[in-house]
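Data first, discussion second: the structure below is written as structure tokens.
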Amino acid sequence: MKIAVFFPELIRSLFKKTATVDYPFKKLEVPKGFRGTPFLHPEMCIVCRACERDCPAEAIEITSVNEAEKKFRMVIHNDRCIHCAQCVDSCPTTPKAMGIDSLFELADFDRHNLKKEWVYVRAVIKPKAAAPKPDAAPEAAPKA
Amino acid sequence: MKFQIPIGPQHPALKEPISLRMTVEGEVIRDADIRLGYNHRGLEKLAEEKTWIQNIYLTERICGICSHSHATCFVQGVEKLMEIVPPKRGLYIRYLVSELERVHSHLLWLGVAGHEAGFDSFFMYTWRDREIVMDLLELISGNRVHYAINTLGGVRRDVDEGQKAKILEGIATLRKRSEYYFHIGANEPSFVGRIAGVGLLTKEQAVSLCAVGPTARASGITRDVRKEDPYAVYDEMDFEVGTADSCDVLGRVVVRVKELLESYKIIEQILHKLPAGDIVVKAPRKAKPNEVVSRYEAPRGENMHYIKSNGTDKPERLKVRAPTLANYPATVEMLRHGFIADIPLIFAAIDPCICCAERTVSLVNVRNGEETTVRLSDLRRRAIEQHKNAPPKRNAVWPF
Amino acid sequence: MTDIEIVERLKRDLGPEALEVTNPDRRRIFLKVGSGDLVAAVTLLRDKYDCAYLATISGVDKGETFEILYHFASPAANINVRTEVPKASPHIDSITAVIPGAILYERELQDMFGLVVDRIPDPRPLVVPDDWPAGNFPLRKDWKFERPPEIIPGGKS
Amino acid sequence: MAVLRTFLYLLVYPGLLFLFVYSTFCEWFDRKVYARLQNRMGPTHTGRFGLLQPIADFVKLLAKEDIVPEAADKSLFSLLPVFGLAVVSTAALLLPVWNFDLAAPGMTSFSGDIIVILYLLSLPTLILFLAAWSSTNLFSTIGGSRVLTMLFGYEVPLFLSVLSPAILANSWRLAEIAAFYQKKPLLILPNLLGFVIALIAVQAKLERTPFDIPHAETEIVGGTFTEYSGKKLAFFRLMMDIELVVASGLLAAVFLGGFPGGAIIGFVHFVIKTLFIIFLLALLRALTSRIRVDQVVRLAWKYLAPLAVLQLLIVILLKGFLK
């Protein structure tokens, strides 16, 4: 047992640069691959609804605007989004229609402002990786 | 003269709501009672309505600190149910994250222990260095808290060479710092005086009250699921189970620092042995009717998930046992005959994660976003009205 | 002790009381006993199989019956004792006399499934709120929670 | 002229105005040093370098709702913060900064003022106890009993260690003690042990870590201050700040040779010496963890009090030797 074991470290840090950052005035960089806000490349979306089905927070909503023109509307509720990026993983197109950027300062006074909306015509690109999965896919049966 | 003091559900020492009723006599605690249920989110019921994929993220949100633990425990079980075997590289990355999480959790705990003892410098320094491991986790997974790196059949993100080098560098710094904290924690007289001999839990009590994790290991029980029931990669790793037999809070500090050092060892081994190959295999959407018990050594002790499937894409039953719940009976025993001043330390020594331990009832409508604007004057008027009707509390129990 | 040895020993020790012993996975043993033999089986496990550590108790609603699983862990294996009680008279004996640490799990079981744990030392509700309506047991399959419609000011979309 | 001087003394320096400004500055200094020792920033944005932060906190607290509990003794509960503020401000007037004549004792500097200032510094503790007791909250009550328990621990070592330089200087008057050590600065050295003891005791008196037991937030919420809010809490906090200034001023006057050189140079002395002591107190705060109340009493009677007696013995022997 010694007295004042912390002393040298305390005195040393008195002359060191602070470890904390003056946050709103100085910002730290987020690493590449940070999971921020999800967004849509509307020209790629084939409306397979995989993201809507897999979203754990039910934050993605796809509705049909005009059946004849194949016009759809996607709403991402960022107030509910849990930033897991499962929608990006589930997206079957290549390149992916769903993306995620590194925005993280989302706070707002109104939940309305956190909604993002895209109205677009369904793309007809053939997905390379996998066919768009219908809801009860036959290939989803467990391997025997 | 005995009187009861309420610790919680709102109390500065508790970061989450739980109610501890202490019957004290002067400064000495005579009896303690625990009341749970302030933080229920109905996860077990909710899990029955979500698909396997969605449940990964749901279980991840059981806890904010050991988020990876619950998700991994769940995923391990579901992979067995679906009869898929994740590729080696995927497993290595998954348990790399899980060891990094243990490091982050234990550093956090060291800081909390310091804060509860009023040792704020220790708190600031440990949390400063915890940032290193948080940044590493952010680098690997893209998020600081909910890593979401697990998926059925492997992991979602690969680790490249640059990240590997950064992790090794960070671990080297952390090892040095942890040794320094061990030095501080074992030598600062005011701190040691607060934690040595406090919160005694004998080995017999620990066994009979089913204590888990560092709490049990500090009482001399070598129970670590990683050694006892080695899952996934742990039978290929060389590490020891840190124990102490002082049975007090100091012992729990020692066990956690030992575990930190062992975790650094495991992380280095994982990175050096990291095999090449895929990180994920494709998982089916449904699982055959079966049941599985999945065990996982979380930073706080053993996690156990009992998962039962019924052939659909949703679980029939998901039972989550978080380590904190298992430690509550032991905590009551430890609190007895302590001082009021020891309450936060003893309670913090089990590293309580209350939201882990409480997850069952689906009652709280978090989603019921019924928002009405109440003007301050209305609020005031309402408060005054309520106050008028309330019986006067003049005859409240006066303790002395 | 390997899994097969444990299974054999359990069959030998318990005799006809062991209704079913299975070993579906490495280190996972499921043992089924009648609800009346539970305490005896648990005592045996504690004394002879080093299973003083009860990990948790899970309940499963199987329609007509409740299935209750006591998950024990010993250094050798994870032994799960399964028993069933009919929904009509959901009574089970408390094992707190054998394993004191089971108290919280038994109280949780009472709250969640409406099981009656006989001879439990502390039967107060554990997790449900004080004003929880009687007769509501959330983890029963017939208990449905109506999620109130979500009201976001201005509507959902 | 004398009347004007007295008014200046009472209201400007070292009276209320100076005390308010300087005590908030000292709080800022304490917080900043504490933060820098922990590798943090401390107050940064209110005013230059966050200098106005304590004043901003004070003003904010003044604007907050002021709640008096139903069960509390209302008049006592409301009166105590003001009373405490008055007591410590009075104690500040006894510090020998200026407006004293070594030859002729006056209102602000007289023989025995060291005892009076120590007595006035003991009163806040009792006020805190009464405040805790009158708020009838359980946590406050526990905090109040801890205040008193601690008082029995640290008061004796503090008195013994502060009186030993007085014995060496052969005076019970602060100004004379200070003048004595100004003449013979080497004699400060034998009092070093007493200085350390007094520092620890002052830390306990000010209820700062490791002695923040009466309002240990992780144990008993706010302790003595649990029920206080708004203006009353603001006054209590100001009281603690002024007590910090007065206590460090007292230590500076007794152990570090006082504040020579009249109003202006004396002012510089005052600032440098008190800031030095506050720095030491902040360092002590950063170095240790909170201890238990039984440990405080044990520490005080097992180590501090015997050491203070030893210090007295040294001083008495030295005095005989010097003669």
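So that you can tell them apart, the chains are marked A, B, C and D in the order they are listed, and the count of residues begins at 1 in each.
Throughout what follows, a contact is a pair of C-beta atoms (placed from the backbone, for glycine too) under 8 Å apart; a residue touches a chain by one contact, two chains touch by 3 or more.
Just so it is clear, the model here is predicted, and its values are computed rather than measured.
Student: If you tally contacts for every chain pair, which pair is highest?
Tutor: The chain pair with the largest number of C-beta contacts is B-C.
Student: Taking CA centroids for every chain, report which one is farthest away from subunit B.
Tutor: The chain lying farthest from subunit B is D.
Student: Would you mind pulling out the distance in Å between where the CA atoms of subunit B average out and where those of subunit C do?
Tutor: Computed from C-alpha means, the inter-chain centre distance equals 23 Å.
Student: Could you give the separation in Å between the centres of subunit A and subunit D, each centre being the mean of its C-alpha atoms?
Tutor: Measuring from centre to centre gives 55 Å for this pair.
Student: Could you grab the centroid distance between subunit C and subunit D? Build each centroid from C-alpha atoms only and quote it in angstrom.
Tutor: Inter-chain centre distance comes to 61 Å.
Student: Mind pulling the subunit C residues that touch 2 or more other chains?
Tutor: 152-153
Student: Any chance you could list the residues of subunit A touching two or more other chains?
Tutor: Residues 6, 10, 19, 111 of subunit A each touch two or more of the other chains.
Student: Would you pick out the residues of subunit D that each touch at least 2 other chains?
Tutor: 37-40, 286-287
Student: Which part of subunit B faces subunit C closely enough to touch in the complex?
Tutor: Interface residues on subunit B, with respect to subunit C: 36-37, 40, 42, 44-45, 80, 207-212, 223, 228-229, 290, 292-293, 295, 302, 304, 306, 308, 316-317, 319, 321, 325-326, 328-330, 358, 360-363, 365, 367-371.
Student: Within their complex, state which residues of subunit A touch subunit B.
Tutor: Going by the criterion above, the answer is residues 1-3, 5-6, 9-10, 19, 30-31, 33-35, 53-57, 82-86, 89, 111, 137, 140-143.
Student: For subunit C, which residues are in contact with subunit B within the complex?
Tutor: Those in contact with subunit B are residues 24-25, 27-28, 52-56, 58-61, 69, 71, 73, 75, 78, 80, 99-105, 108, 111-112, 125-129, 132, 138-139, 145, 147-148, 150-153.
Student: Looking at the complex, which residues from subunit B come into contact with subunit D?
Tutor: Listed in rising order, the residues are 3, 5-6, 11-13, 27, 114-122, 124-125, 128, 188, 190-191, 193-194, 339-344, 392-394, 396, 398-400.
Student: In the complex, go through subunit A and note every residue touching subunit D.
Tutor: Within the complex, subunit A touches subunit D at residues 4, 6-7, 10-11, 13-14, 16, 18-20, 22.
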